[in-house]
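So that you can tell them apart, the chains are marked A, B and C in the order they are listed, and the count of residues begins at 1 in each.
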Amino acid sequence: MQLSHRLVALGATAAIVLAACSGTAAPTAAPTAAPTAATTAAPTQAPTEAPTAAPKYKACVAFDTGGLGDKGFNDLAKKGLDDAAAAGFDTAYSEAKGSTDYAANITRLVDQGCQTIITVGFNQAQATIDAVAANPTVNFGQVDTAWNLCGPDYTCGNADDTPYPANFTGLDFQIDQAGMLAGYLVAGFSKTGVMGTYGGQQFPGVTRFMDGYAAGIAYYNKEKGTTVKLLGWDGAKQTGQFVGGDNPWGDAAKGEQIAKNFVDQGADVVGPVAGSTGNGSIKYMLSVKKWAIGVDTDQALSLADYAGAILTSAQKVIDVAVLDTIKANAAGKTGGADYVGTLANGGVTLAPFHTFDSVVSADLKAGIDALKAKISSGEVKVADYLK
Amino acid sequence: MRLELREITKQFPGVLANDRISISADRGKVLGLLGENGAGKTTLMNILSGLYRPDSGEILIDGQARTFTDPADAIKAGIGMVHQHFMLVPVFDVVASVALGAEPVKGFLGTFDRASARKRVVELSTQYGLDVDPGARIEDLPVGVRQRVEILKALYRKSDILVLDEPSAVLTPGETEELFEIIRGLAAGGTTVIFITHKLNEVLEVADTITVLRRGRVAGTVLPRETTRAELANLMVGRDVELTVSRAPAKPREVVLDLVDLAVRDDRGGLAVRGINLQVHAGEIVAVAGVQGNGQTELVEAITGLRRVDSGSLTVGGEVVQNATPRHVSDMGVAHIPEDRSRDGLIANMTVAENYILDSYHRSPYSSGVRLNRKAIAEEASKGVREFDIRTPSVETHVGALSGGNQQKVIVAREFSRPVKLVVAAQPTRGLDVGSIEYIHRRIIEQRDAGAAILIVSTELDEVLALGDRVAVMYAGQIVGVLSSEQATKEAVGMLMGGVH
Amino acid sequence: MSGLRRRLRPLLVPVLAVLSAFVVGSLFLMLSDLKHLAMIPTDPIGALTGAMGDVINAYRALLLGAFGDPAKFALAFEQGTPKAWTTALRPISETLVAATPLMFTGLAIAVSFRTSVFNIGGDGQFVLGALGASIVALALRDLPAPITLVGALAGGVLFGALWGFVPGFLKARTGAHEVITTIMLNYVALQIVQLALRTDFLRQSTNSQPISKVLDFVRVPLLIPLPGLRLHWGFIAALVVAALISWFLFKTTKGFELRSAGQNLTAARYAGMSAGGSIILAMVVSGALAGLGGAFQVMGSVTQMSNDVNSGYGWTAIALALLGGTRPGGVVAAALLFGALNNGGHGMQVATSIPLDLLVFIQALVIMFVAAPDLVRKIYRLRPPKPEVAATATEGASA
């Protein structure tokens, strides 16, 4: 019972406005500009027949109702699957029209002989967990979740602790590394020298972004001797501003209000980590011609209406994570631990600047690249800049 | 052109609709095609207009045999149809309606040449005396004028043979007179006219020859000056028909319906009934005569609870009923035969039995609170069908499949199936054939003799005179005269109807 | 005509309509088959046979996905293990699971159409029913399971009925057209669900995303006692409700009023029925049915309230009500057909990677062919039904 509590959804971009999902899902080019250093093979066409006769490993993805064309997790996961096909894997996938399809689709994929099944979207978490228990010989993964070992209240050492299933991989992301790059960018970009950040609620998946911003700014200050400030999060004390209340993740009006408060306090860049509430903040920043940092996906694409304010996003590179997980499963590592995307393995990244590419100075870009190299090599650690 | 149909036979599953029918009409003559509903007139016309193909027999135009595979063929052959239900687009103007489907075009793009269409319409309407404003919108035109537009449509397509299907059914007496003038004019101009009707007076008045159909066969062909109404009725029905039901003098008793200074507004908020005082006694028939649209509809709706009373009082049997619900009024013993039976009185897609209980389904024995008692419904409906001689295959037949006369009988049977204190009957025999008219008149008189008060509203002068113990004439929302049956002559009532008093 | 043939005759057009839809669908399948299209210049015969082979494979997958694989049934009989039976029965079980919400919403819309009220708000009533059930279930979670379950279902009925009452009342009182109000209320309902899913009361406490706590502490009992088969008593309930609705419409006084008002509102009014009352009643019953469907969906099939608990059931229902001739039996049959198509389509999609949209396309074709019986008759040269004129003539001639 309450197995669902074992999975922790880490995403901070909640499902976007409903109408937008169905209405504007025009077939668009997948984000070809996905800045992944790790994806080597060029994306080829749909799954192709393999020339080899040997039984191939079968990797599959179950999409959620956001569906293909969402310019977000689903499309990126599809790209990962296509890359797997190009790398010689047998692939299949399932589309969903409603929540009743999730459990059924996973079963269908199992019946198809899928050996790895990666599910996309928090709505499928329960169906995924049920399937993990029911099919011990199939390897599962879920995008953007981590296995919660320590019970619903995150306190370990209690009776409700549960072991990590041996056939499950949570696709988790060291997003604070990408966040640190974003913080560094903001510190160098901000005209006022003040950034604001806040979260929906104080969850680990949320504060990691905020840690990253704090560390990036601290690093910049140290490197350049500046005094850029971060409002809304104290990395050392791990305290900060959260929406809270009864509707922390969906209150766009409140998001606007929070952004306004930050601007009143001098901030010209806001980094909300609060789902649809955050969308309100980005909207406000656009209206006052200031800037915001996106989270999870390249929000300049998934939230195209507000792209004019989105400087960049601290992005989880789902396609790399999906491909890496499939490869690991095929190589015999069935699960039992989270896959962790890092700057080093290409699992997290700073999204492209898009229209801001010409605005960000070459110096600043060079600084970001240098910091990225240092984080990748382990020379710089986020935690060290939170003190 | 001369039209001749020879030995036309058309069989539908289970029924021989036309059985070796032969008719003919010479150029410039009017052929009256008389018959009851279901006698095969419509089938014959559908064959003539190319909608059906006959199983055997032939159509000759000017002596040449023709076959029509679709209505376009018939139009090309010069046959124009004016249907009972008009085929006009309400928002089009007259020119567009007439030209629709045969528009003159001009220019490179083939755009609608409105000017030349308009010119033709004006020419035709002056030539045949069809007085129509070419720029008027159809929906703004009265029914009689719409019919002229339909006739224009046929003439516009160069029809030499014009078929009019029950053209007077929707017209007022005055409009009918005008229509006859038009028909005479058309015939004089060389058009062959086929005039389909079930009304004896009309064929006698306008036709050059009369062919009577009965049960899919020709019952006889006669000349108007050599025949009588009684003979025609006999040919139509197959037996002698009492054209004016005889009745004993009324024995009026207490007042049942009492209207005092009654005023009622129409849908647009204008006063339709302007202060009416009228009493109807038990055991008498008061017939309200008047040209359609003089407030009769609103009066009936007010009495039956369907329309709010603006001022004045309305009592039935001493009880105030203004602004009561229709159900309350019906519960008091008021029977209502509505003006438009298919719109207001029946549900075409429901069965005879269901229509039979339409306003008493909630009462015993039909309902036990929640459930309907199917058995009781079927039994009672079958009884009604027997008693009122309703010709239907079964009580489970959809009422829309019955002929007009039988539909009206269903309504009358329903309304008279419960104790009745007052009968309000609006146009009770509109569109019915002589046999059905006789039957329904007889039933109404029976109700009177049984002690009910009867209020008849009719635009048919014959009906008013045949039934009314007293005749009240409505004009412009008021009662402009009440005549006893001795005083009520065609001329006297007609003058009052026209507003002369 | 023999009794059996007469009974089967009404099925002829729908069956041929489905068949035609699949034939046309296969043409589109071939046209979208880029791999084989590219082969045409070099190997036209190979391209054609290859493309046809793919179509056959796809439809085979669809049939197996909808009704099960005979081979697996044989295996189940042979082995007799629960696991073998689960595998064999799962497709048909999933077909019925997919049909269940469609039956509820289809009946809901049929009731409203019977009364000539065009309830386009099945979606909103469905999701609010699901939401109502979730809220009541969580509120009563400490009570004995049967009470919680009945309460949750009642909550779904209540929420759905309320969402039907509003447009019904507006139409009866102000004449506001129900097509517009129900469509608008669909959006309102979706936003209410979004909002509710973010409240602490419903939202999973460890989750930043709008999805409810898992409601598996009380669940609609399963119909087949095999693990892995989701078919629950909601399906039986839908059948019972269909029978009840049939009884209500055709055997009760209120049903008589609704049908009368639906066929001819003026005549119903003349006969003393309350038009406004019929409209409101029809909308309330309609909303309640859709709401009950939502409740069974969340308490039976998915056990978790989310913003994608609905899958366009309210819209599909419009087609089902029309396909079923607004008769409860017909709606149930249409829902079963669409359940099979939906479920089989998912099976086909997973097996062949053909996009799910093709399935929607085939469904649209089925609707089109059923809606145009004359077209089907023309294609298959069937005799038209007796024309109405003939029927009238019959009455007349016998008169």
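Everything below uses one rule, namely that contacts are C-beta pairs under 8 Å (C-beta built on N, C-alpha and C of every residue); 3 or more make two chains touch, one makes a residue touch a chain.
Since the structure is predicted, the reported quantities are computational estimates derived from the model, not experimental observations.
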Query: Draw the chains as dots and join the ones that touch; what shape do you get: line, ring, star, complete or other?
result: line
Statement: Chain with Cα centroid nearest the overall Cα mean is chain C
Message: Please identify the chain with the largest separation between its CA centroid and the CA centroid of chain C.
response: B
Task: Can you check how far apart chain B and chain C are, centre to centre, with Cα atoms defining each centre and the answer in Å?
output: 45
Message: Centroid of chain A to centroid of chain B, CA atoms only: how many Å?
response: 76
Message: Based only on mean CA positions, could you tell me how far chain A sits from chain C in angstrom?
response: 36
- prompt: Which chain B residues reach two or more other chains?
  reply: none
In the complex, chain A residues that touch chain C: 1-5, 8-9, 11-12, 14-15, 18-19, 46-47, 64-65, 92-105, 107-109, 111-112, 122-123, 125-126, 134, 148, 152, 154, 200-201, 203, 205-206, 246-251, 275
Field: For the chain C and chain A complex, residues of the former touching the latter
entry: 65, 87, 90, 94, 97-98, 101, 187, 190-191, 194-195, 197-200, 204-211, 213-214, 216-217, 227-228, 230, 297, 301-304, 306-312, 342-343, 346-347, 349-351, 353, 355-356
Residue numbers on chain B that touch chain C, as the complex places them: 12-17, 36-40, 42-43, 46, 215-216, 304, 306, 325-327, 329-330, 336, 338, 343-350, 354, 358-359, 361-362, 367, 369-372, 374, 391-393, 397, 401-403, 405-406
Statement: Note: in the complex, chain C contacts chain B through residues 251-257, 259-260, 263-264, 266-274, 386-399
